[in-house]
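Consider the two complexes below, in which subunit A is the common component and subunit B and subunit C are the respective partners.
Coming up: the complex of A and B.
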């Protein structure tokens, strides 16, 4: 009857975007006469921040303040085609489509500004605060609003852009599995500390130390939200959740959150996150997509930590108290290893 | 509790951008925190009708008769739908990508293959009335033997779960009953290994558990169109599926979504949109179809279970010289997305490590349970659990620190991966080093000095001179779509292929040679039903189906 502590480690990588490609995303961008921009998409915001990250990407590319951009998404009458928000593809695929659309719109905006300023459009830069000026001569400037109004009412130009991003479909060799599955990978490593009660078989996750490499963190708060929530989800997969507790039997399947066992707020382990950013060469501003992979290292790290703590290796998820107790019984009690 | 280690890969980034990299507040946060963001379920039209499904209580049963007469007389009931009301009552989700054979009825008419499979849909004025009428639908069942375990399901003589795939295995490329990965020669490496480490791993089925359950509300719109508010994660997937199932041009469908209360992969299956729109078509009134929590957990597709067997050849110093996988994805009764996830998983093997000999046979297996679908990390989470659990066993076997073992075997820029493409943009070594430092784990000087940028390529960039290939699991008579299908496998094998002794078991065949994209056996006797008289009769049977693959020019015949 004792509590045993142990540590477990795991490292993973994660493919970004729909496997094999062939999954296009499109974006349309246009300005109204006030120089405010609408981005029309069909991507889905599941809470991950799709609207916000595409808004920042559009603002960055257009060279306007983020407040001047609004993302309108997922109305099939107005938004162009997108495969959807899954497979960690949203930021990577849609982000690139938004860049392309924004670049086209930006170039028209700069042409309109150039005509008003009587300069070459190639000499113009944006300051990201709503002004366009001649490179090296900030006084020769025009607001994005004035440029847009001139385009609309004087010059007869549409400040608009279309974008698509498509990684062409890869074939799969039936005999060898040769393929071009994805263009970039995110990475993670995770060290978990657990405490195992050798009387009840219960496992508590005490601490998580991680490093996640996510490409460029396009919005550090959205990245943190994903990593924190995702890691807890992984922890929950490891020791709590399942729809079929006695798989492959279908008995005792939960039908509500009373029976579907999940950690409560008191069970959530502190998580010390380090973010590394190695930009993806083909990602939007180097971004990859942290959403899916953040749960993955936690599952094996917890299993490895339980083994380190009491010498019971549970190869069948989840690590329920029943499995731990059966393992302890088979081993003749706890055999702490403390190998890490 | 969060730090950004900008010193890593700093020379590959321009950190001086206006907006990207800033912690800008979310565009939609005010609506969310004040409870005003509109989700699909906020579109409660006047006169909204509610749909509930009659579901199988059995794992596997033939449907002798569905009697809706009593239910139709119940208070508030407007209509009861069965399979004959669904214009195209057979679909596979990835038919939009031209991948796989249509295998799943919308409302089953011939048999059910999992507990919870829908056989009728009651439309009533209130949800309570719909629930009451569901209980009044009489179904005459003939219970059939069922199979729930993946390895039991592929044994000879196991009950056939889904007639399209009589041996309970998805057919890859029309050729094999599993997806192969072959790189080098694992058997030769096993024969000369210092250590062999083996393991069996079981990933559990898991519920995506979004706070908002899956659903859709459809309503007749002006000008003979239908609007559909949906919780889908993939707007055009759901729209394309509805157009196909309802034999309706996509131009008549107006889908609106985009603000969703969590998805995690569970909202890709496009189950609700076709039935909600069909309900609106047949009643002329707004119609809602959504799962309650019990359905979300037991009828809604979970992350499927996976079983993995791993065998490693390991040298004394901890270098892994060969890794062999046998994997079984439990697809449940129908394919949904499991077949595709397996290709993703195979492209991911052997994990983030450079191993000179890799072999995998991965099977998509049908069992009599709720079909599986996507969830966060689909195709990867289960096998990563297996790999990283296994790596710990390897570390223990050779007596190497578990973090150092990962760094030693880690893939680096320029290495050849088992799917025969060069690794680039790697960062596993750095992640390991940062965590070791934070956790106070002392690494050897070699492990500390390692980087993802160095030590790769060269000899590690080579494709093995010899790769052992084989024909086991070969099938005939299948065409599972042309998506990503390599025309000729032999043409790509530069080495003389070594055919292993073919297993003598009889070659798997479909019951009837199917024409492409037709089911081997129509599970619905009345596949072309008396039209439920939607306002407009479609001109051609597949006119509504939007095939992304054909649009993109990928289809090949």
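Coming up: the complex of A and C.
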């Protein structure tokens, strides 16, 4: 009876969003009389940071400080239509819609400022700190607040913009089944090290090394946060979590957190993350979206590592002690692929 | 249904409120005392989202009878900040130790209780202290880092 170490590798392509039924998101942007902007979305921030990222995107496009943008989400009764926060589509789909809406609002804001400054709107630039000025002549300037108030109370203009990003429904070729369900892929590769106990069948993940390609990391801290938490969830799905561990009877399944097995803070594996940035041509400022794919490479990498360690190929997740022990029995004991 | 008056200290303020027969402390705090910081997660003492301190000890408020706290001192996440944030709250933000935030109040209470009985915990002691608090988003590592940063005096006050 012994502990066996093994290494496993996996690489994935992960689709951003899914247009099997068409995949639109809308955004509405408008200025308020104080010169600040509201972005209305119907997609929800689940904690992944969509409000932060769309706020950055709106501020960058409008040319105003990020503090001057408020993102209002998640009232699908009153907000513009959105397919929702799923399929890792938030940054990509909503971000593109926010850019389009912000561009329209920005052009009206510059027209309002041009009227006040008595110049051509095409000659105006923003400094990102709340001012609009004539290109090359910073002293001929007006604040975004003054421009908004002039539009609101003098000129009778609405500084507002509409945005939609639609990946249209992809038709399926009836002869070949060929279609284009996805326009943008993120990528990841992971190497994990595991230890398998051939007496108990238990698997422990000892170390994870990963590289994630996420387009441009629009908010690097949020990206790292998602990758770290998501990979932990992937590890949990690989060797712990299932609603039906005690086959064959469903009656023996877990009904609460007492019986639903999840790793706790004592079961962490060190995770060394590299973020690779290859801006996506159709992404907002090059962003794709880490989303679900942060969990995905962990599962095949762990399964491969278990095979490397003891020669047991588990093809049904999660890799529970019972499956490992059955595999060991069928193989006549542990058959490490190589001595590490 | 009979109601019992309960006198208790709530985050340092002496209060009295009526508890229903059999009402648990979580419901009493949220509905009776208006403190929404303890969260209802599982309602059976396995997730830790409802963690509060009773006379300095962490307890799962969903498993405590409200009337049993008569004369006792309750501290919740809502009472951690005074005129400024608790160093743990600052460290949780600096270390991105929350995503959806549902476990955060319970985590903060568990961490505060740990640091009060053991100001210099090891990493293992931190993991032990939060082992009753489930988190789905962070993978725990940022939370452990935040608590250790406060314990080691690295966090900004």
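Note that the second predicted complex is superposed on the first by the 325 of 340 C-alpha atoms of A that agree within 3 Å, B and C clash if a C-alpha of one lies under 4 Å from a C-alpha of the other, contacts with A are read in each partner's own complex, and residues count from 1 in each chain.
Throughout what follows, a residue touches a chain if its C-beta (ideal position, glycine included) is under 8 Å from a C-beta of that chain, and two chains touch if they have at least 3 such contacts.
Please read these numbers as outputs of a predicted model, since none were measured by experiment.
Superposition of the two structures on subunit A shows subunit C fitting alongside subunit B with no clash. When the two complexes are overlaid on their common chain A, residue A:221 makes contact with subunit B and with subunit C alike.
Put subunit B and subunit C next to each other and count what each touches on subunit A; the higher total goes to B.
Shared-chain residue A:176: touches subunit B; no touch with subunit C. Contacts of A:76 after superposition: subunit B is touched, whereas subunit C is not reached.
Centred on subunit A, the angle reaching out to subunit B and subunit C in the chain A superposition, using CA centres, is 100 degrees in steps of 10.
By the touch criterion stated above, A:271 is placed in contact with subunit B and with subunit C alike.
Contact with both subunit B and subunit C is seen for A:262 once the two complexes are overlaid on the shared chain. In the superposed model, A:229 makes contact with subunit C only, not with subunit B. Using the contact criterion defined above for the overlaid structures, shared-chain residue A:9 touches subunit B, although it does not reach subunit C.
By the touch criterion defined above, A:47 reaches both subunit B and subunit C.
Minimum C-alpha separation, subunit B to subunit C, in the superposed model: 5 Å.
Comparing the two interfaces of subunit A, the one with subunit B and the one with subunit C have residues 46-47, 49, 221-222, 224, 230, 233, 256-257, 262, 271 in common.
Those residues of subunit A lying in contact with subunit C across their complex are 46-49, 221-222, 224-226, 228-233, 256-258, 262, 264-266, 268, 271.
By the touch criterion given at the top, residues 42, 44, 46-47, 96, 98-101, 126-128, 130-131, 134, 136-144 of subunit C touch subunit A in their complex.
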